[in-house]
Amino acid sequence: MFLRLRLPLLLTLLAGLVPVVAFFFKDEARAVKAPASWLEQDMIIVAGFALLLGVVNVVQSNMKKIERRDKGWFFAVVLLGGMAVTGLVGALGAFRIGGLPGIGNYPDGRPTPFAWCANYLFTPLQATMFSLLAFYIASAAFRAFRVRNVAATILLVAAVVVMLGRIPVGEGVFGRFTEWLMQIPNGAAQRGIIIGAALGAASLSLRVILGIERSYLGLDKGE
Amino acid sequence: MAYFDISRVNALTLFIFFCIVVILFIEKARADRNLYIRRIAGLNAIDEAVGRATELGKKVLYIPGIMSIDENQTIASLAVLAHVARMTARYATDLDVPNKDPLTFASARETVKEAYTLEGRPDLYQESMVHYVTYDQFAFTAAVSGIMVRERPAANFLIGSFYAESLLLAETGQASGAIQIAGTAEVAQLPFFVCACDYTLIGEELYAAGAYLSRQPAMLGSIKGQDWTKAAVGAAIILGVLLESLHLFPGFKAFFSIQ
Amino acid sequence: MAKGIAKLQTIDRRWIFLLIALGTLIPIVLPIGFPVTITPPVKSIYDLIETFGPGDVVILSYDYGPTTGAENDPMADAILRHCFSRDVKVVALALYPLGGLTSLSNSLNRVTAEFPELEYGVDYVNLGYKDGGQASMKLLADDFAKAFPGDTNGRPLAEIPLMQQIKGAREAKLAVSIATGIIGEWWANLINAQFGLPVAVGCTAVSAPKYYAYLEAKQMIGLIGGLKGASEYERMVKEGYPATREAYANPLLQTASKGMDAQTIDHLIVIAFIVIGNIAYFASRRGKGQA
Amino acid sequence: MPAYAFIGTWVAALLTLFLMSFLYKDNPFFRFAEALFAGVSLGYYIGITLDQTLRPNLLEPLAQNGVTPTNFHLLFAGLLGLNLYTRYIPRIAWLARLSLAVYVGYYVGINMVQKLQGEVLPQSAATMVDLTGGGNGALAAFNAVVVFVGVISVLIYFFFSLPHDGVVGRVSRLGIWFLMLGFGAAFGYTVMGRVSLLIGRFNFLVIDWIGGTMRALGGG
C-alpha cells in the first residue's frame, strides 16, 4: 500500500522541489542547476513517449468499430488509413530510410511524401478549421450582445466601438478611443485576472507538491 | 551564499510568505472545519447540468482543455472532473472525456476510474469513457464538434487550458442545445466563453474549483491562504500607489520589479 | 408586427454564415476599394525607401508562414514592388521555421514576374531559410556567408554579383521584417540595437500592439500593422508608381485592399446583426409587457 | 505547376470545401474530412515526434556518445517513458502513475515560482502608478486612476473569503463591469484577425485552386 499510495506522492514532492530550489540559484551552482536541467530534457522525452499511448487507444477503439461494423465504421477506416500512411512515411523519413532526406523537402525543392501530406492534407485542413472562427465569432456576437443588464450592455458597447474603430469608416471617430479601451480598461481587467490566477495556480502547485491535491493520479482518497 | 541569485530575492520573499500563509491556513482548517468560502456561481451549476443530462438520458461531455499536465489549468480541470465523474457514477449517466494530450488522457483515466470506484460503481466504469482523439488542436476540435452534433450531449464542460478552439467548441455546443459550463485562465479566450456558455469560471475561480467542490478542509484552507496573500498583494499595490503619487520611497516599487 | 420582429432573435445562424461568406468572397472577386487614410508609421517606411536609388540594398526577411499569408503576403509584395520600381536591390531571406521559405519563394516568384527586366543575382537574391533565430541573425549582420554559405539553390555567395557588393546585413540601407511572431522584435532589439541598421516591421493585426512599443522607443523606423497597414502601403505604391497599377488590377492577385474591403464589410455585417438582435429583443419584451 | 502540386492543390481545395460544409450541417463529406484530419494529424505528429524529439534528444546522443556521466539521465527518461505502458499489464498497472507523478511534480514546481516571480511581482509593480500622472497631463492622471481602480476592484471580485454584499458587493460589481469592458473590447478586436484567416482560405480557393487550374489548363 505504501508503494502504491505514498511513493507517487513522494516522487511528486521531490520532482517539484528540484526546479523550485534551482530557480533561486545562479548558473554557477551546478550541483543544484544540473538536476533541474536534466529533468527538463527528460520530461520532453517522456512527453514524446506518451504520444504512442494515445495512438494505441485510437487504434484499439477504431479497430473495434470496424470489427463490429458499427455505424460509420467506414470513417474509422479512413482515420486509420490516414494515420498509417502519414505515420509510416514520417517514420521512414525520420530514420532516413529508403533514400529519404528527412521529413522536409528534397534538396531540389520537391516535397518528400511526408512533406506532401503536411502541405496538402494537414495544413489546409488545419487552416480551414481555424478559419471557421470568422463565422462563429459573428454568430456568437449576434446572440450574446443584447442589452439585458448593465454588464451585458457594457460588453456590447465595448465590442461594437472597437469593431468600428478598426475599419476605415469608423476609424476617424473611434480609432483613438479603441486604442485607449484596449490599453487602459482592458489592460486593468487583464492585470486583475492575471494576478488572481497566478496566485490560484501557485496555490494549486503547493497543494500538488504537498500531496493534498491528487485527483490527477486517481488517488482521491480524501483525508 | 555566493551561489544565491540576489536578483530573485523579491521572488523568494513572496514565495516564503505565500507558503507560510497557505500552510498556516491549511493547518487552521484541519482544526476548525467551518471555514467560509463564498458561493461560486458556475460551480453550483454543475449539479444542475449533470441532473439535466440524467433526466434527458443523454451523456455528459467533459473536455479537460487541450494542454498537457505540465499546465496547472489541466490539473485544476482534472480535480473538477473527479467531481463530475462521481456525479455521473451516482446517477448512472453516460460520461465522455475526449482528449488532445496523451498524458492528460492517461491522467484523466485514473481520475475517472477512481471516481467510479469511490462512488461504489466500478461496474459502470468503461475504458471507452476517457478516450484519445489526436494531438492536433484543430483536428481535435473537428472531432469533438462531430460528437456534439451527432450525439447531442445534454451538458458540455469546457474546463482547462483552451486556445483558438474555445469559440469553435462553445458555439457548436451552444447550437446543439447543451448546457455549457466553461472555465479557463487563458485571458484571451475568456471573452468567447463568457459570450457562448451558460457559466464561465474566470481565472482564479478555475483553480479554486476543485478545492471548493471537494469540501476537504485542507483544500479549503489553501484557498483561504491564497485569498489572504491576494489581500496582502492588494494592500501592497495600494501602498505602492500612495508612495508613487507622493513621490516617496521609490525603492518600494522597485522591489516588485523584476530585473 | 412586434411578434414578427421578435422572431428575428432566433434567426437561423446559417443566414449569418452565408452573409459572412459572401462579404468575404465578393471583394476578392470584385474589389470595392474603400478609401484608406495613410498613417505616419507606414508612411515613414515608404518615405525612407523613396530616398534610396540604384545601388542601395534593402534586406527583406520573411518571418512568417502561409498561415498568416492573407495579412503578411501583401506587405512583402508591396515592399518588393516599391524597391524594384526604384531599382533598389533586394536580399531576401527567411527565418521563420513553419513555412517561411514557402512564403519567400512564392512572393519573389509573384513579383519578379511583373518586372521582366530584373536579373537574378544582380537585382535580387533569394538566400533561403536558416534556423537558429537570433544566432543566425547575429552572424548575418557581419557576414551573410556565415549564416548562409549559399543561396537557396546552394550557389556559393561569392559567385553571386549582388553578394559581392555587400558582405553583411549592417552594410544595407534598411532591413524590413515581415513577421507573425517574435522574430520582428529580434530585428529591433538585436540588429537595430547592436548594429544601428534601420529596421522596419510589417506584422499581423493581432501582434501590432506589442510592436507599437518598439516603434515608440524608436527601435523601428516604421510599422505596417495588419491588413490596414498593408493596404496603406499598397495605395502609396500604386499612386507613386503607375506602372504597378496594372499588376494590382489582376483579378487573380491577392491584395491588402481586397482584404480590407472584406474586413470592413464583415465588421459591418456583425454590427448590423447585433443591432437587429437588440431591436428584436426589445420587441419581444414589449410584446410580453402587453400580454 | 508540377504534377504533385497540381494534384495537391485539388486535394487541399476539396478538403477545404468538405470541412466548410459543416457550417450548413453535418454530412458525410465533413465526416470524411474530419476522420482523415484526425488520422493524418496523428500520423503527422508521429513523424514529427520521431524526427524532432526522440531521434535528436534521445537516440542520437546515446548512439553517438554512448552512456556518459552527463547523459545517463536520458536512460532514466527512457525508463519513465516506457513505464507509462505498464498500465497495459494489469498486475503492475499502478506503476504508470510514477511517471505521471514525476512529470506533474516537475512542472507544478516550475509553474509555481514562475507565476509568483513572472506574473504576480511585475503585474503588481506595473499597477503601482502615479495618480498625479507624473507631469504628463490630465489624461495620464485619469488613466492611472482607471488602471488602479480597475485592478483593485477585479481583485476584490476574486476574493472568496467574504460574501458579495455591502461595500464588497458594490466594489466587486465594479470589478465585473471592468471585466465586461475588457472582454467586449478584446472580442471586437479579435474579429479582425479571424476574418483575415477566412480571407486566406478564400484566397487559396479563388487564386491558387481556380486560378491555378485555369493557368495550368491554359498552358501557362
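Just so it is clear, A, B, C and D label the chains in written order, and each chain counts residues from 1 on its own.
We adopt the following convention: a contact is a pair of C-beta atoms (placed from the backbone, for glycine too) under 8 Å apart; a residue touches a chain by one contact, two chains touch by 3 or more.
All of these numbers come straight from a predicted model, not from anything done at the bench.
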Check your understanding: Hey, what chains does subunit B share as contacts with subunit C?
Key -> A, D
**Study point:** Path length in steps (a step moves to a chain that is touched) from subunit A to subunit C
**Key:** 1
Point to revise | Top-ranked pair of chains - ranking by C-beta pairs in contact | key: A-D
**Study point:** Geometric centre: closest chain by C-alpha means
**Key:** D
**Study point:** Most remote chain, CA-based centroid, reference being subunit B
**Key:** C
Study note, to complete from the structure: Chain-centre distance (mean CA atoms) for subunit A and subunit D, in whole Å, is 4
Practice item. Averaged over CA atoms, how far is the centre of subunit A from the centre of subunit B? Could you give it in whole Å? Key: 15
Exercise for review: Provide the C-alpha centroid distance between subunit C and subunit D, rounded to the nearest whole angstrom.
Suggested key: 24
**Study point:** Residues of subunit C whose C-beta touches two or more other chains
**Key:** 13, 17, 20, 24, 66-67, 205, 263, 266-267, 270
Revision key, fill the gap. In subunit B, the residues touching two or more other chains are 8, 11, 15, 18, 69-70, 72, 75, 103, 106-107, 110, 133-136, 138-139, 142, 190, 192, 194-195, 202-205, 208, 223, 230, 233
Exercise for review: Could you list the positions in subunit D whose residues touch two or more of the other chains?
Suggested key: 19, 22-23, 31, 33-34, 37-42, 44-45, 84, 97, 100, 103-104, 106-108, 111-113, 115-117, 120, 124, 127, 148, 151-152, 155, 158, 179-180, 182-184, 186-187, 190-192, 195, 197-198, 200
Check your understanding: Which of the chains are touching one another, listed as pairs?
Key -> A-B, A-C, A-D, B-D, C-D
Check your understanding: Which part of subunit D faces subunit C closely enough to touch in the complex?
Key -> 23-24, 190-193, 195-200, 202-203, 206-207, 211
Exercise for review: Please give the residue numbers of subunit C that touch subunit D in the complex, ascending.
Suggested key: 14, 17, 20, 24-25, 28-29, 66-71, 204-206, 226-227, 252-254, 258-259, 262-263, 266-267, 270
Check your understanding: Which part of subunit A faces subunit D closely enough to touch in the complex?
Key -> 3-4, 7-9, 11-20, 23-24, 38-56, 58, 72, 75-76, 78-91, 93-95, 102-103, 110-111, 114, 116-135, 137-138, 141, 150-152, 154-163, 166, 178, 180-182, 184-196, 198-199, 201-202, 204-206, 208-209, 216-219
Study note, to complete from the structure: Given the complex, residues on subunit D that touch subunit A span 2, 4, 7-9, 11-13, 15-16, 19-20, 22-23, 31-51, 53-55, 57-58, 73-74, 76-78, 80-82, 84-85, 88, 94, 97-113, 115-117, 119-120, 123-124, 126-127, 143, 146-155, 157-158, 175-192, 194-195, 197-198, 200-201, 204
Revision key, fill the gap. Listed in rising order, the residues of subunit A that touch subunit B in the complex are 20, 23-26, 28-29, 32, 43, 46-47, 50-55, 57-58, 61, 122, 125-126, 129-130, 132-133, 136-137, 139-141, 143-145, 155, 190, 193-197, 199-208, 210, 212-213, 215-223
